[in-house]
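Each of the two complexes below includes subunit A, the first together with subunit B, the second together with subunit C.
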Partner chain A sequence: MALELIEIAKRVGADTHIHPTSLVLPQGSFNVLLGTTLSGKTTLMQIMAGIQQPTSGQIRFNGRDVTHVAVQKRNVSMVYQQFINYPNFTVYDNIASPLKVAAMSKAEIDRRVMAAADLLRLRPMLKRRPSELSGGQQQRTAIARAIVKDSDLILLDEPLANLDYKLREELRDELPRLFAGRNAIVVYATTEPVEALLFGGGTATLHEGRVTQFGPTSSVYREPKDLVSAQVFSDPPINMTPVEKRGSQLQLLGGKVWPAGSSARSLSDGRYILGIRPHHVTPLPPEAPAGELEGRVLVTELSGSESVIHLDVGGATWVSQSHGIHPFEVGAHARLHVDIDRGLFFAANGERVS
Partner chain B sequence: MNKTVNNKAWWLVLPVFLMVAFNALVPLMTVVNYSIQETFGNNEFFWSGTTWFEQILHDGEFHASLRRQLVFTGLVLLIEIPLGLAIALCMPRQGPWVSVCLVLVALPLLVPWNVVGSMWNIMALPDIGLLGKGINALGIPFNYTRQPISAWFTVVLMDVWHWTSLVLLLCYAGLVAIPDAYYQAAKVDGAGPWAVFRHIQLPKLKHVLTIAVLLRFMDSFMIYTEVIVLTGGGPGSTTKFLSIDLVQKALGGFDLGPAAAFSIVYFLIILFLSWLFYTLMMREEAR
Partner chain C sequence: MRKRHIVLTLYIVFLMLPIYWLLNMSFKTTNEILGGFSAFPRDFTLDSYRTIFTDPTWYNAYINSITYVVINTVLSVAIALPAAYAFSRYRFLGDKHLFFWLLSNRMAPAAVFVLPFVNLYSAVGLFDTPWAVALAHTLFNIPLAVWILEGFMSGVPKELDETAYVDGYSFPSFFVRIFLPTISAGIGVAAFFCFMFSWVEMLLAKNLTSVAAKPIVAVMTKTASTSGYELGLLAAAGVLTIIPGAIVIYFVRNYIAKGFALGRV
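Then we have the complex of A and B:
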């Protein structure tokens, strides 16, 4: 029981929107499509749903070829970035709309609508129209519509992007609970790595119409297959610098020398690209062997519990993200420490080697 | 806390007040002056109270032109609003044809009113006009200078030709503003084209349609130039609408008092009907 994409590709004229892609999404799984705007998330979702047809390749659902089956015959529901509801229906009728098409009995419709409304805490709003609701409530209604019928596939296309911070956090916490215990395959597109990490499940990193990596979220995060996957799955962006390994030392540009650290131990000598996530660059020295960075502070972003510091090191910008408040003056000279044991090493072709 | 009270802020409203006064209130007051007084020139005025209003409200000619006006405006709205909406629904939303279509449909809006009148005047001539001769060639007797039905047909057709584009452009703008995701969501739900129109497009166009109805109502209720050029209110007085009647009273008969009372009644009717349309169409919102 699964949704299988087999060598799916989408070309429009001379442009390739999706390069040949194969994915297997098992029943009951929660999958995140992570990528920047225009990376192909929406196109891929629409192909999964049957709203767009792939140029080549096959889509199978439970072993059956559904490539050319129309969306309305596929038992799919979708939630969009915009809050899409029928404007002249009440919340109740909006939630009930997919069931009415299915010609269900009134009592059954009522039972299901009430269950969905309770899950999304919409009970008091059932008689209102979408224009009388806040953005958060409108999106809750849209999500209720998506879960009210037992869809095989539920697609959420950046559903939280248009909500303000607080509502986004609130709904983000509730989402996994809504889908737990359902047999549906859930696909959730987002541009934010933190959402993928919060939801767990599986994550596919997308870059320019290509799925660069797909697997359990934590392993995609910890063990990126290549440079691009690591870049997509890092916010703030991952720091990168060319290094040359010589014995137990790393030679950096500008003559700096760092200890090689545990992750580089098995590598043969030679040139690599070193990737360091921002939270492994800290103002306080770690216990393990560390590399040192000295430079001029460009920007500091201090949130309540976190400091993000952008440092100019000989023309290259390094980003550090650390717990606590570390006030640095912009323009001042600063010294940061790199937890080199956590370094990711990539070969010249982008593939991760350690 | 000490609060300083002063009214200096009122000075900031003064420019707007002056502008409104000069372009609306002062001219309107002139009309009000004439409507409640009698004058024989020499800048001498005598109080006449509500005499002119009573005269106008009991005037059979006024009643007849008001009836004609209501029928004309009703016909125009019944034809132009659905027609404009229907054409807007058929227009392409993207691609190279969009700008071509938009320019073509906008053309009638660029033609001056008196030119529209002359155009249709010539077009509908029974002996040489394309329309007039064409209809006669079909075996249907058509002469808009003699037959009231032909005159009405031509006047309504002219207005539809001139102003459907406005409704169309408003509806088109409203349709283009509906996000694609709505259509996709409908598709996912398995909704057909009628359901999409009924439950997505129509509710989303409600505000635009309200504006279109109001604009077309007010404008058609005040129609003058085109009809004067086309039929002059004839044959007889079968196409004499309110504004034509008003001008005849004010300039033809020089009955300034009754004409001023007429203007005010005319204005109040438009105000009332606009309010009525607006409240009816916005009723849903208030619930």
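Then we have the complex of A and C:
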């Protein structure tokens, strides 16, 4: 029982929107599509739903070819970034609409709508129209409509992006609970790596219409297959620098020398690209062997419990993210430490080698 | 503060004066109108109105006008709806040019079309029927309705369509049950503009009819009749002609500004 995309591609005129992509999403799974705007998340979801037809390739559901089955017959639900509801229907009728189209009995519709409304705390708003609701409530209505009909596939296209911070956090906590225990395949598109990490499940990183990596979220994060996947799945952006490995040392641009660290031990000597996630660059030295960075502070962002420091090191910008408040003055000279054991090494073609 | 009021008052008086004068004339006898200047009717009379409501040549003219206006409005909106949907939702070869060309139809003076229409409608036996005028007016009203409706439709995210399909709605059922109610304000505005154009248009209406389907604008503007000048009667007819427009405007007053911007606000 699964949704399979087999070599799905989408071209519009001369532009390729989706490069040939194969994915298998098992039943009951929660999958995150992670990528920047225009990376192809929405197109991929619309192809999964059947709203758009792929130019080539096949979509199978439970082994059955559904590539050319109309969206109406696919039993899918979709929630968009914009709060999409039927403006002339009440909240109740909005939630009930997929069931009414399916010609379900009145009693059954009522039971299901009430259950969905309770889950999404919409009970007091059932008689109102969407335009009389707050943004958060409008999106809750859209989500209620998506879960009310026992879809095989539930697609959520950046559903929290248009909500303000507080509501986003609130709904983000509730979402996994809403889908737990359902047998549906959930696909959640987001631009935020943090959301992928919070939801767990599987993550596919998308870049310019290509799925660069797909697997369990934590392994995609810890073991990026290539440079692009690491870049997509890193917030703040991952630091990168060319290095040359010589024995137990790493030669950096500008003549700096760092210890090679445990992750580079198995690498043969040669040139690589070193990727260091921002939280492995810290003001305090780690216990393991560390590289040192010296430069001028460009920006210091202090939130309640962590500091993000942008450092200019000989023309290249390094980003550090660390716990605690480290009030570096902008323009001041600073020294940061790189946890070199956690370094990711990529070959010149972008593939990760260690 | 006071100065601003004065200017505004003067402006409104200026606007209302012709309408007041028409109303004033409609309650006078023709002799009084021709007799001299008076701001109020001295011999107040409802005779002119009585004539209009009892003389078939007068009230039939209203019925004729209303008939072709209603046919035209229904026809224009019904045809413009699917066209506007296509322009707002699909990309097709030459769509932008076609869309502009539609509106450029309105730039030709109606007089240009009088001769071909008269000849054509005489040939097919439509001359002097409400259908002749209704069809002739669609030439101007469909493009206008398409433009207005396209603006309103483009304000509805296409994700609404997709959500409906995902929920299981077929296209016709989505269009009628969800999409049309969503753009009901736009339909109202488009219908209003079609109504108004068709109601006030005179040249085509006058020339495409002779006896049986003579519209009120034609009857009203013949200044002399067999019984001489009937200025009171004409004024009363003018007042009655303003009323339907005023009623329709009242219903769409909140959307008119958006309509003038062709839905693009």
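Basically, the second predicted complex is superposed on the first by the 354 of 354 C-alpha atoms of A that agree within 3 Å, B and C clash if a C-alpha of one lies under 4 Å from a C-alpha of the other, contacts with A are read in each partner's own complex, and residues count from 1 in each chain.
The working rule: contacts are C-beta pairs under 8 Å (C-beta built on N, C-alpha and C of every residue); 3 or more make two chains touch, one makes a residue touch a chain.
These numbers were taken from a predicted model, which means no experiment stands behind them.
Student: When the two structures are superposed on subunit A, do subunit B and subunit C clash or fit side by side?
Tutor: Aligned on subunit A, subunit B and subunit C clash with each other.
Student: A:Met78 in the overlay: touching subunit B, subunit C, both, or neither? Say first, second, both or neither.
Tutor: Both partners.
Student: Could you tell me if A:Ala49 is touching subunit B, subunit C, both of them or neither one (first, second, both, neither)?
Tutor: Both subunit B and subunit C are touched by A:Ala49.
Student: Looking at A:Pro87, would you say it contacts subunit B, subunit C, both, or neither? Reply first, second, both or neither.
Tutor: Touch status of A:Pro87: both partners.
Student: According to the stated criteria, A:Val69 is in contact with first (subunit B), second (subunit C), both, or neither; which is it?
Tutor: Touch partners of A:Val69: none, neither subunit B nor subunit C.
Student: Do any residues of subunit A touch both subunit B and subunit C, and if so, which are they?
Tutor: Shared contact residues on subunit A: 46, 49, 51, 71-72, 76-78, 80, 82, 84, 86-89, 97-98, 101.
Student: For the complex, give me every residue of subunit C touching subunit A.
Tutor: 157, 159-160, 162-170, 173, 178, 181-182, 184
Student: If you look only at subunit A, which of its residues touch subunit B in the complex?
Tutor: 46, 49, 51, 71-72, 76-78, 80-82, 84, 86-89, 97-98, 101, 131
Student: Sort out for me which residues of subunit B touch subunit A in the complex.
Tutor: Against subunit A, the touching part of subunit B is residues 179, 181-182, 184-185, 187-191, 199-200, 202-204, 284-285.
Student: Give every residue of subunit A touching subunit C within the complex, in rising order.
Tutor: 46, 49, 51, 70-72, 76-78, 80, 82, 84, 86-89, 97-98, 101-102, 142, 145, 149
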